[in-house]
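Dropping the structure in here first, questions after.
Chains here go by letter, A, B, C and D, matching the order in which they are written, and residues are numbered from 1 within each.
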Amino acid sequence: MTDYTPIQMMAAVASHQLEDGVIVGVGTGLPMIAGLLAQKTHAPNLIIFFESGCMAPQVPRLPLSVGDSRCVHRAVAATGLAGIMETGQRGMIDYAFLGGAEVDMYGNINSTVLGDHDSPKVRLPGSGGANDFGSLSWRTIIIARHEKDKLPERVNFITTPGYIDGPGSREEAGLPPGTGPYRVITNLALMGFDEDTCRMKLISLHPGVTLEQVIENTGFDLIIPEEIETSTPPTDEDLLRLKEIDPDGIIIGK
Amino acid sequence: MIEEGHGELLSACTADEIREWNRKYKARGLIDKTATAREAVDRFVKDGAYLAIGGFGHVRISMPMIYEIVRQKVKHLRVSGHTAVHDLDVLIAGDCVDAVDVAYSFAFETRGLSKNGRRAVESGRVKCVEWTNGALSWRIKAAAMGLPFLPARNMLGSDTFNFSAAKTMVCPFTGQKLAALPALMPDVSIIHVHYADRYGNCLVRGTTVKDDDLAKASKRVIVTAERIVPDSFFRDAPERTTIPYFCVDAVIEAPWGSHPCNMPYEYYFDNEHLKDYLKAGANEKDLHAYLDRWVYSVKDFEEYLDLVGIKKLYELRRLEELR
Amino acid sequence: MIEEGHGELLSACTADEIREWNRKYKARGLIDKTATAREAVDRFVKDGAYLAIGGFGHVRISMPMIYEIVRQKVKHLRVSGHTAVHDLDVLIAGDCVDAVDVAYSFAFETRGLSKNGRRAVESGRVKCVEWTNGALSWRIKAAAMGLPFLPARNMLGSDTFNFSAAKTMVCPFTGQKLAALPALMPDVSIIHVHYADRYGNCLVRGTTVKDDDLAKASKRVIVTAERIVPDSFFRDAPERTTIPYFCVDAVIEAPWGSHPCNMPYEYYFDNEHLKDYLKAGANEKDLHAYLDRWVYSVKDFEEYLDLVGIKKLYELRRLEELR
Amino acid sequence: MTDYTPIQMMAAVASHQLEDGVIVGVGTGLPMIAGLLAQKTHAPNLIIFFESGCMAPQVPRLPLSVGDSRCVHRAVAATGLAGIMETGQRGMIDYAFLGGAEVDMYGNINSTVLGDHDSPKVRLPGSGGANDFGSLSWRTIIIARHEKDKLPERVNFITTPGYIDGPGSREEAGLPPGTGPYRVITNLALMGFDEDTCRMKLISLHPGVTLEQVIENTGFDLIIPEEIETSTPPTDEDLLRLKEIDPDGIIIGK
C-alpha cells in the first residue's frame, strides 16, 4: 500500500475533480498543485488560467505566485486581471479552484478577516481573485482544513459568495444563474452540495477517516448521504508527479 | 432596490474631473522624460497621495520607486491593493501607508502571511476597504475609458461588497441587477516594465496584470524600465506598445528594478532575501534594521544593487532561465 | 428622464445568453481548427445571421470569406458597419444583406460614395440603424466583457442616437446623464490576421481596429491568416497574442487574403481593381459581370488569385514597401 | 503672387488652426491633408490620431483610408477604435478635424442622410468616428463646401452634435462640458462660433471673396463681426508640401 501524507491525499482528490478539456481558474497554493497534477495524469488537455493574465501556460514547476514567471511560461496568451475575469464573466471559465480560511455550510468562503472588520482579530489577505472566480465561474471547488472553527455554520465574513443564505440567494443577489460551489476538499473528506437545500453534503471519506471524525470536526450539520464512498487515494504515479511539480516541498512538504 | 457598500471611497473622481486633469496636466508632445527615482518621488509622490503600483505585488514591481518613497519618508499614502505583496509591505514597513483598497494584501501567497502587514491592520494603523482583483481592475479600466463607473457581475451577495464603496444598479436593457464599480483614478502610479523609450512608450512582456489601463487611468505615471530603447523599437512594430508615451510623466532606467522580486523573462525571486525580509517583519526592531541596511543607508538603487552583489543577480537570472 | 433611440436592435442578447452560449458551444481544448472557406461558410454562416467583419472596411478584411458568402448565396444577413467599405459593398452586390448597423458604410473614404451601396439603401432593399464607430466598438466590448451594456459619453444629443437602439441612463455615482449601449454579440465574425496557429491563436500587426474584442464577443469566429505559424510563435512571447485560440472556431490559410484591399505591412490597395469595381457599381448589369468574373466563375480564393496574377500581387507588395 | 486653388486655400487655412504639441483626431479626406501640412510647416510636434487605432504615426504620404498602412506607418502605438475614442473620452484629444455634407448655424454636422431616414433621397456614409470625435474632443474643426444648401439653418439629420439648439444644449444632452465646434473652414471663409449664442460667426474671408458672396451662399444668418479679417493664403512652401503629401492630387487635385 502506498504511503502518503494528508496534503498529498488532498492534492490527489482535488486533481480528480477536474475533467479534461475544461478551463479552470486556479488560486495560489494547493489549487495550483491540484491543477498541475491533473494535467500530468488524467487531464492532459486541462486548460489552466491564472488571474494575473496567464492563459494555458505550460508550467514547468510550482510557481510561488499566481503571477510569476512560471505561470506565464509558454502560455498561449498573456493578458491581465480584467482579461481573465472578463473571460469568466462571459461564461468561459468552467471551474474555479480556491482555498479559504473558513468555509460554511452554504459554501461561502472567508479569506478576509476574523473578528470585527474594522478592528480585526486576524487580518487575512482578502479576496484577491477569489470573489471574481467564485462569482463568475460555473463551478467552484474549495480546499480547506477540516476543523470545527474552519467549517462553521456561518463564516465570519463572506469574501466569496457560495450559496449565501441557501436556494435562490445567488440569483437574488444578481450573480449569474447556474453558478456556485461544487466540491469542498479537506484533509478528511470530499464534500459536495445538496441540490435542494444548497447545503454541504458528504460524498466520500478519505481512507482511514471515520464518519464520527468528520462530524466532530465540522461546525455545522453536514448532510450525510446513505451511501458514503471512500476517496481514491493518490497512486504511486500521483506521488511521483507531485514530487516533480513541487520538488522543494513548498506546498506538499518534504 | 439599490444597495451600497458602506466602505469609504478612498479616491473619488468624476468623469469630468478625469477630463479636466488630462486636458490641463498631461503633456501631448514627444518630450524626453528620463529622470531619477529621487526626482520622480520629489515631483510626483506627495504625502496623502493615492498610489497604485504596477505588476503583481511581488512580480514586476518598481522597487527603485518603492525604496525611494520609503527613503524620502512620504506619509499617509492610500494604496490600491490589487494583489499587493512585497510592494505594499515595504511601504507599510516604512510607515508610509494609512489606508488600502484591499483585494489581496498583507500576505505573500505561497510564502504565507506577513506579520508586518497584519500588525499594521490589526493595530488600526492601516485602514482597509474591501474590493476584489477583478473589481479594482475594472475600476481602473473605468477611469482609463473616461467613464465614471463600470457595471460588473462580481462582488454581489458578499461582505466584500458590504465593506466596499460599490453599489448595485439595474441594467437599462435587461432589467437585471448588476454591480456598479466607481472609477479609480490614482494620483500616481509606478510601473516597472521591460522596455521603455525616453518619451515613455513601454513594452511589458508576459502579463500586463492591469498596467495598460493603470497608465491611462492615473494622474501621474512613473515608469521604471529594465532597458531604455530607441523609439524605433516601438515605431517599427507599434502593436507591441503596451503603454503609449502620453500616459507617462517620468521614465527611469532601472535594470534589476524588481529585485528581490520576480521579473518574468529576466530574473526570478531572490528567495533568500525575501525570507530574511519576512523574518524581520516579526518585530519592528528587526524590520528597522532591515530598512536601515537596504534602504536608508544606501543612496539609490544602484548602491542597493551593489549591496546585493552581481554574483547574486546572475544567479537569479540563471534561476529564471532554468524556470 | 430616460431617453431611447427608436432604431431596431438588430442583434439582441442578454449577458446570461452570452454565458450560456459560451458554456455550451465554445471549445476549450487545443484542437486543430484548420478548414477551408467553403467549409467555414457552410458550417457557420447561416441565412439571416448577424455578421461582423474584422479590419477596417477596406483594410485587413477577409476577402476569401466574403467571396465565399457571395458564392454560396447566403441571404438576409444583418451586418455590423463599424467602418464597412468594400467588405459590405461586395456582400450587398451579392444581394446577401438585409440590414446594417451603420457607423460608416456605403462609401470608400477618399474614393467617394458607392453607387451600389447607396442604391441598396435608397431603394429600401437594405435597412439602416445608426450608430458610431465608437458605439459599435463599445457594444462589441460589452459582449466581450460579458456585460449586457456599457456606458458612454458619445451619441448624446444627436439624431444618430434617435435612430439607434441606445438609451440614456443616470450614473449611479455622479448622477450625470450617460449613453447606455447594448451589448452586441454577432452570430459570426470573420477576421483576417497576419499570423495564426492551427488552434486559432492570432497576431494582428498594426491596429486591431476592434478585432480583439470582436473575437471574444462573437458566437462563432472564423479567422483567415496570411500565414499559419507553429504555436511556439505565440508561446515564446504570449504578450503578442491578439486573439486567444478559444475564441476561434475555424482557421483558414489565406495569403493575400485582403486583396484587392490593403493589408498593413504586407501589400497596399489594388487601386485599379477597386476603381473597376466602383465603376461596375454604377449599374446592376456591370456589377453582375464583375461578380461573374471574380467570384462566381472561380472555385475558390486561390483561383481568384491566379486571375489577379502573381505579377500584380508582387507589385502591390512593392507599393506597400515604398509606403 | 502665389497661384492656388480653392482646395489648396482650404487646406492651408485648415492647417493654420492647429497648434503645435496638441493631439488631433483626423477624419478622412481634407482633414488628413490639413493635419499633415501642419506637421510639415508650423506644427512639427502635432500629434495625429486616426480613429482606426493609430497614435502619432509618421505618415509618409496621403493615406486612402484613415485605417490604411500609411496611417499606422511608424506610429508609436497601435490600438483600435475603442482605444482612440476612450483616449478622447478621458479628455486627451484636443481637436477633432471633421468633414460634413451639411453644417448648420450651431455647428451640427450631417453626414448620414438627405431626406427621410427610412426612405432617403441620398444615403451618406453615416457617423464613422465623427460623432465620437465631435462629442469627446475639446474642440471640433469642420470642413465644408460653402453653398446655401450645405450650410442650412438646421441640418437634415444631426450625425455629430454641434451646439445642438444653442447655449446649454450640449450639457443638457449629457455631452462633456467645455466641448464643441470651434472653427468651420469653407472654400470662401473661416468661421468660428459666438460665445454667447453659440451661433456661427464669420472670422475671415479668403482673399478675393466678398462678404456678399458669403452671405449669399450661407443658408442662415451668419453673425458678421465689425472687423473682418482676410484669411492667410497658402505660401509657396505650403503648396510644395501639399504636393509632397498628395503627389497624385487625389484630394488636392492636379
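Following the convention adopted for this analysis, a contact is a pair of C-beta atoms (placed from the backbone, for glycine too) under 8 Å apart; a residue touches a chain by one contact, two chains touch by 3 or more.
The structure displayed is predicted, hence computed values, not measured ones.
The pair with more inter-chain C-beta contacts, choosing from B-D and A-B, is A-B. Inter-chain spacing, taken between the CA centroids of chain B and chain D, is 40 Å.
Work out the mean CA point of chain C and of chain D, and you get 28 Å between them. Mean C-alpha positions place chain A and chain D at a centre distance of 57 Å. For chain B, residues touching at least two other chains, in rising order: 15-16, 146-147, 152-153, 176, 178, 205-208, 238-239.
Contact of a single residue of chain A with at least two other chains is seen at positions 54, 72, 75, 78-79, 89, 136, 176. Arrangement of the chains shown, judged by which pairs touch: an irregular graph that fits none of the line, ring, star or complete shapes. Chains touching one another, given as pairs, are A-B, A-C, B-C, B-D, C-D. Taken in their complex, chain A has these residues touching chain B: 28-29, 51-54, 60-70, 72-73, 75, 78-82, 85, 89, 112, 117-132, 135-136, 157-161, 164, 169-170, 172-176, 250-251. Contact residues on chain D toward chain B in their complex (touch as defined above): 20-23, 45, 47, 54-58, 72, 74-79, 86-92, 94, 136, 138, 176-178. Those residues of chain C whose C-beta lies close enough to touch chain B in the complex are 2, 14-16, 146-153, 167, 169, 171-174, 176, 178, 180, 182-183, 203-208, 237-240, 242.
Per the touch definition, chain C reaches chain D in the complex via residues 55-59, 81-83, 85, 102-107, 109-111, 113, 117-118, 121-122, 124, 127-128, 130-138, 141, 152-160, 163, 168, 176-179, 205-213, 262-265, 268-269, 271, 320, 323. Those residues of chain B that touch chain D in the complex are listed here as 15-16, 18-23, 26-30, 143-147, 199, 201, 216, 231, 234-236, 238-239, 241, 244-246.
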